[in-house]
Every structure is written in structure tokens, then in C-alpha cells.
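Below you'll find the structure, written out as C-alpha cells, and then a few comments.
Every chain is named by a letter (A, B and C) in the order it is written, and numbering of its residues begins at 1.
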Amino acid sequence: MSASAPLDPALAARRRDTVLGAIRRNLGRDTAPPAPEAPLPPAHPRLAVPDEDLVQRWRERWDARGGTSALVPTKEAAVEHLVAWCREHDLPAPSHAARPLLELPWPADWHLDPGPAGIDTQSAVSLAFAGIAEVGNLAFLSGPASPVTHLFVPDNHFILLEAAAIVRHFEDLWQRLRHHLAPAGGDWRERLPRTLNFVAGPSRTGDVEQTIQLGAHGPRRVHVVIFTD
Amino acid sequence: MQIRTREFVPRATFALHDPNLQRALANAAGGFIGKRAKAVAEVPEFEALREAARVRKDEILAELDLWLERYEERVRAVGGQVHWARDAEEARAIIRALCARAGAKTVAKGKSMVSEEIGLNEALATDGLEVIETDLGEYIVQLAKEPPSHIIAPAVHKTKEQVAELFAEHHGTTPEPTVPGLVTEAREQLRCQFFRTDVGITGANFLIAETGASVIVTNEGNGDLTQTLARVHIVTAGIEKVVPTLEDATLFLRLLARSATGQDSETYTTYSMGPRRADDPDGPQEYHVVLVDNGRSRMLGGPWREMLRCIRCGACMNHCPVYGAIGGHAYGWVYPGPMGSVLTPLFVGLDTAYDLPNACTLNGRCGEVCPVKIPLPDLIREVRHAQQRDGLHPPAEQRAKALWRRAAERPALYHGLERLAVRLLATLGQNGRIRRLPGLSAWTDARDLPAPAGRTFLELWHAKGRDQ
Amino acid sequence: MPLPPDRAGTVGLFATCLMNAMRPNIGFAAAQLLEDAGWRVEVPREQTCCGQPAYNGGDEDAARALARRTIAQFEAFDALVAPSGSCLATLKHDYPRLLRDDPLWAGRAQALADKSWELLTFLHERGGAERIRSRFPHRVVYHDSCSGLRQLGIREAPRALLARVEGLTLIEAEDREVCCGFGGTFSVKYPALSERLAENKVQRLLATRAEVVLGGDLGCLLHLAGRLARICAPVRVYHTVEVLAGLADGPGIGQA
């Protein structure tokens, strides 16, 4: 078989038809079932999240997995906090940041690059799209202003999260996402980013003797600064 | 991957006597079981989630063709391509062709059981490609030239000393045999690989029809580095992985991490939809999904459909006493433990994998912990029935079963034989037990046989004239 | 003592193969407990095996034939009761499943399943527990057999009943929900595996320093008693009903 053969459209179509045909035959039908009309998202059981204070709940869950977090009043205060945090923990100044964050009042000697992280990138700052209180994790949408490599390459990852962006359940996030992608209506699916990333703390592995070790391939330290205003 | 299921008995026997393996298994078992129990106890809704997942997955499977077509349409809409493979060979051919077209020299892989199932690594190596497994556990077994021994903890059978030896041999370093030392060593070695890889291959925990997304769940971040830094991202997935909506994926994800590792969420959950967009700063330029049938469509038709609910969490093997005693390698193919005892015979043959469903006590703990309520003991028994229909049980056993049945249908004969046996056994007993019984040495090699008193209950009862 | 009307009836005692051959004392203990609870007990002469070995061994056809026999033998009784969770799981779960496509037998299978009981559950839920008058001044550990535990939910009943035995101290073992490795024909088809699981279980039981091991299924008990005897462990093994009926005064299983 030549290398290009599997990409031959006629062969590909035949394979597709065979697989779909086999599925139908084994389900006892000849044709596809009638397509359901744009169904409402199914209502599956959720986990009770009784907490009044979602920020508090989010932080408890996040911190329990080895992440760290702080709560500050404003974005500007978040900047101050990060500068102090790096100094206090003897961490290198970030070299990369998401584009929307570049306008913040960073110290003059912090040179922040909005481009993708490279093999030497030690530290980056990102802006989360949302937090989910249910498990205490963060959602990110990839895009021109938010490289995916920032989430996985650096040793140290700093994240700014707006308190109001913390939702209770994943279902709330899906609603928000659909609205965010198509605020004026239209098909939200046309505007999907390449990736939607959820991050729940530092990278970890249990692959050696089932002993949890942080910093497997991704960041060893993930610090979230929540700003309320 | 080489099929070694016929060697189950010798491999299991050796496993029982391999001190390193036994130490590693003892370490692992308590951890998995305890962590899951704790995670489940924290969620009062867990049973409701299991039931909802069972119902939903059955609904999806009944319309699998519809959701796959929708999924394909959405992948195309976001700029990706879907390739359908009827069997393992076609899946390999498609991926080899994609790598060749991309001019690839190196391939990084995230953990994917389907890629093990289709024997992908060997095929790519034949083409001269350098293939690197990036999940730490997979990397360890790749260096050891072994298959994974657990579907979520591939190197669960290795001790840290063994890992240190492997790293020393392959990296030319002398890492400390401590967990932090070894993890750091692997991180440094693999980091360069991520940045020079041409093609990144990942599996998929779910495929979402409404968005055309493939979802992966990892703790290390290796799958994300694999797919983000490569020029070409190829996803391998079984056709049963599709779910209709984001909400459906959430339902199954709520069960997956808790069942697998006892976490409320894995560290990274990533929804990938097509290649990088025109103005994206990073991400792959091509995105392909290879949908693998390889016998799954056939499973939809028979008594095995429920097995397609499996979300590959590994809870069944973590709670299986046989798996806990011998580890995954003894099972001889990709899928070990209870789920493997159903799946493997269906993939490689009822005959070839004869022992897997039979080497099971039917104790039922696997079914009890399955997050999608697969009745694993019933399905394991069902495989035995299929083996019976094909005449695969050992001839002596079949003869014995036939004779026993003939007797059991004739009460006078059955009770007569019982009385005879009981009298015979009673004469062999000393101090209430029989230490050696020729013909039943499989029993008496390891245990005494308690000796009966010499009369059956039925004869004693009726001798007293209790009724009739 | 007069009986409440809902307990006046006749029970068919299912004499499991292993009990019938290996430990008749369990059958007499079962009958005594049922009679003490106010039931008339009959033991049908024509009964043989429930068919579980065939069902688990892959021979559905044989299992079906034996299921029909058992149903015919017992369907006239007010209840079927057996001192075994394993056989009862076959009757209650597997018979209806085996015969679901048989229009003549599906209903009869379900009807029998609905009135079939494992003995301890029967005493615990239908009454009779309060009539237990037994003394057993020993430290005991109870082994949960898997079929009863998982398919019938037998967990509380034996513990509640044993709590009524004078002088008895119940100690719980670690990993009490883990299989002992008997598994019917598994024990002779895969002896090395079975031995390892037995040894794991025996270690857990011995760690409790109990003098006596009790359980509700004779298969597991023969397996455990055999292993305990082989390693010369000074521990006695009885079926739970022997203790409840005050008939655990003779040698334990595998002892003289």
C-alpha cells in the first residue's frame, strides 16, 4: 500500500460507509435514525455546591491540590501582589504574558512577551476565562491573545482570575461559553477556539510507585491571583 | 502488540513469585482503593451519576451512527479531518501515511490504549520514525520494552529502583532512586523531545459531537505538550468514545477521575477542536482524528454492547483480587483485569484468550465499582458461555460437566453418587480432613479437604422420617 | 408460643450440594432455626443442584434444565430458604435471567425468585431472630462471601443475628469485602491463584486473633478451613447457622 493510499478519498469514503453500515446493521437498522431537533442540553445530576461564597469554595478546592491562591481587590493590586510574591519566593520574573495583560502596570524590568513559550521559558502570566467552583479549577480559551504553551511549558505559572468569572458548575460554564462565543446570537460553534483548557493545579504524576510528585512535565508551581473588581 | 494471552497460566504463576512485582502491586492496591473510596464518599450524588451515565451511554450507543456523523461534520467545520479505520491495520496505515505526508522524523505520543490496541508504535518504528511515549509511566515501560501493565498506571508493576536502573541505562545518568529525583530526570529528558517532535499522537477520553472536540485528561501535561508543540496532531479514538454535548462530557468526567485515581478532577482536561486558527501563536497546523472500529461495531449487536460503555478508568482492575495478585502483564494483551477479561477474547479470539474470563472468581467487586455500571461478572460469564458454544473448554472438563448434568437431572442417581462419594471421602479422612486426594490434587496441593461425616443431609433427614 | 399469622407457613429447605454432602449439621441447624421461628420445614426429596456450577462454567443449557427442576420442586412452598448466599443468588438473579425468553417458565422463575431467601436474611427480615437462644463464648470473625454480599446485600443480617448470641465477640477483619479465592471451579482450575487469594484472606483473618471463623457459604468455608488446617492454624471454622442454632458444639469444619 502506498503512503498516500489511506488518504485517497474514494477509499476513505468506502471505509466510512463500511463502518457506519456495520454500526447500523448491528443496531438492527438500515439507515440513520431521525435527527433530533436541536436538543436542549441534557440535565444530568450535578454535585451539590451549597456554598454561598464561590470564591472561598474555589480556593479551598484549588489549594487542596497543591496550587496556591491569593485574593486582592483590583487588577493593579494583583500586579503588586505578583511582584511581591516572586521576590518573596525567589522566583524569576515572568518572561511571557497573555496579550490583554500587557497594559497592566508591571515593573519596568519585567519584559513580557505575548508570543508562545519556548523551551527556556521559566515563567508566564495568564488570564483565566473562568473558574469552576465545583472542583476548583480554571478554564482557558486559546487564541491570538492567549497562547496554549503558556499553560504547559513554564516552571512557574501565574494566573489572574476575576472573581465574577467563577461559576458554580460546569453546566454554568457551558452556558457562559456559548454566550461568550456568540453574544449577539448566531452559531457559537463557528467561533470555537482551537483548545479549551482546564487546569486544576500544578502538573503531577503518580507513575512511580503511585507516589504523587508535582511538576511532571508542566508547571511545578501554579499561583492564582483572584481580583474582585 | 504481541498477543501472549495463551501464556496466561505460566505468566501468572511467575508473577505470583516475582518479588519486585509483588512489592509494587502491594504498594499500588491500597492506594487506588482507598483514594477512590474517599472521593466517592465525598459525593453523595455518585450513585445517581453512575445511573445517569449508564442510561445516557446506552442512549448514545443506540444512535452511535448519528452522533459519529455529527461529530465528523463538526470536526470538518473547525478545519480538522476524520479518518475511519475498519480495523487495526487500516488505522496503522492511515497514521503512517499521515506521518509520511508530514515528512515526520519524530513522533511524540500521549497515552492512548487504542494505539496499543492497534500496535502503532511497532508500525511507526518500521517506517524509521523515532517514537517517544511521553506519559511517564508509558515512557518507563517503553524504555523497558514492555507493554503497559495497567490502563491508567502503565508502570505500576515497577519499583523505583527498577526505574532508576532503566534511566541509568538509557540516559547514561545516575539518577537518585527517589520519586522526585526520577520525575525530574524524566522531565528534563522529555522536555527536549516535545520541542523537536513533528507529529503528536494522543488518544481521546471523549469525542464531542456538538463541537467536534476530542477530550484528553492527564495529570502530567504531557498530552498537551505533545499536541501543542507538534506540527501535526493525530487523535486515535475508538468509535464508542463519542458523546453528543458538552454537558454529556461533564457527566462522564465527574465519574472518570474519581473512579480512576480518586481525584475530584485530573490536573488537565483539554478539549481540542481542529488545528490552530489563522492568527493563533501556537498549536498544530494539522488536526486529524482516526476513528477506529476494530470489532466495536460488531459488539453493538450482541450481548457485549454494554461493554462499549467502558470509559477506561481502571477501577475494575484496581478492585480485582486476581489482578492484584498477578498484575497486568500476565493477561498477555492490551487490556488487563476484568474489563480485559471481556474485551480481550472479543478482540483476539475466544480461544486465544481462553483463560482470561475463566481465571475469575466472579466475586463481583469490579461491577460494583464500575462508574458506568457495566455488569462485568455477567459479561465474563457470558464469554464462558460463548466458549462453551464453541466447544473451547478443555475436553476433560466438558466430559465432566456433561456427566454431572446427566446425574443432576436424575435425583436417584445424583443422590446415590453423593452417598457413595461421601462414604468414600469419609474413609479417607484423618482427624476430620484429607491431606492428599489423588484426582483432586489441584485442591489438596494447597489446602486440606475437610472430610465429610459419611452420611448426606438428605439421607439423615429422611431417615428421621421428617417429611413425606 | 403462638405464632403471628404471617409466619404460619411451610418453607422448602433447599439443601445445597456442598451442605448435603459435606456438612449435614448446617442443614439441621437451618431447619431448627426455621422451626423455632414458627415455620414448618420440608425438604423435597427430588431436589438436586441449583445449577450454578453449570451456569458459571459456561453451560447455560444445563443451568436452564436444572433451574426448571428446582422451580418445579419448590414453587408450591410459601418460601424457599437455603443456608447459602451463593446458591440463592443463582435462584434470585440468574433464574429469571436464564429463563426470560421462555414463555412457559419466565413467570415461574420470577415467582420463585421473589419468595426465595437466604436463611439469615430471612430470619432477620421476616422474624425469628428474637427466638435465637444460643451461647458461644468466643472471639469470632465473620467472612462475607461475595455472592451473598454483592448480589443479595447480605451484610447486616449475619452481624445482627450474631449480636444475639450470648458471649460472642465479633471482630471485623481488614479487607473484609475482598474475595477469599474460592470461586467454585476456579479453585481447581487456577489453583495457584486460588491459593494466593486464600493466603491473603487467611492472613487478614488471623490478624484479628479470632478463635473462630464464621461465614454463610460452605464453599468459602471449606476453602478457608482447608487452608487454615494446611498451615496448622489453631482456628475453628463453622457456618454461621451452626452457631446461631447452638449446634457448634462439635468439631469445626475440617476437624475431628
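Please note the rule applied: a contact is a pair of C-beta atoms (placed from the backbone, for glycine too) under 8 Å apart; a residue touches a chain by one contact, two chains touch by 3 or more.
Everything quoted here is computed from the prediction, not taken from an experiment.
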Maximum inter-chain contact count - chain pair: A-B
Farthest from chain A by Cα centre, which chain is it? Let me know. C
Cα centroid separation, chain A vs chain C, in Å, comes to 54
When centres are defined as mean Cα positions, the distance from chain A to chain B in whole Å is 28
Using mean C-alpha positions as chain centres, tell me how far chain B is from chain C in Å, no decimals. 33
State the interface residues of chain C toward chain B in the complex, per the touch definition above. 15, 17, 19-24, 26-28, 31, 41-43, 45-49, 51, 53-60, 62, 65-66, 69, 146-147, 150-151, 177-179, 181-184, 186-198, 200, 222-223, 225-227, 229-230, 251, 253-256
Using the touch rule from the top, collect the residues of chain B that touch chain A in their complex. 24, 27-28, 31-32, 43-45, 48-49, 52, 56, 62-66, 68-69, 74, 77-78, 83-86, 90, 93-94, 96-98, 100-101, 134-137, 140, 153-156, 158-160, 163, 179-180, 182-184, 186-187, 190-192, 194-195, 210-213, 219-222, 224-225, 228-229, 239, 244-248, 250-251, 253-254, 261, 263-277, 279-283, 291, 293, 297-302
Which bits of chain B are touching chain C when the two form their complex? 9, 12-13, 16, 321-322, 325-326, 355, 358-365, 367-368, 381, 384-388, 393, 397, 401, 404-405, 407-409, 411, 414-415, 418, 421-422, 429-433, 435, 440, 442-443, 445-453, 455-458, 460-462, 466-468
Which of the residues in chain A end up touching chain B in this complex? 1, 3-7, 12, 15-16, 18-20, 22-28, 32-33, 35, 39, 41-48, 61, 65, 114-119, 135-137, 142-144, 147-149, 151-153, 170-171, 174, 177, 189-190, 192-211, 213, 215-219
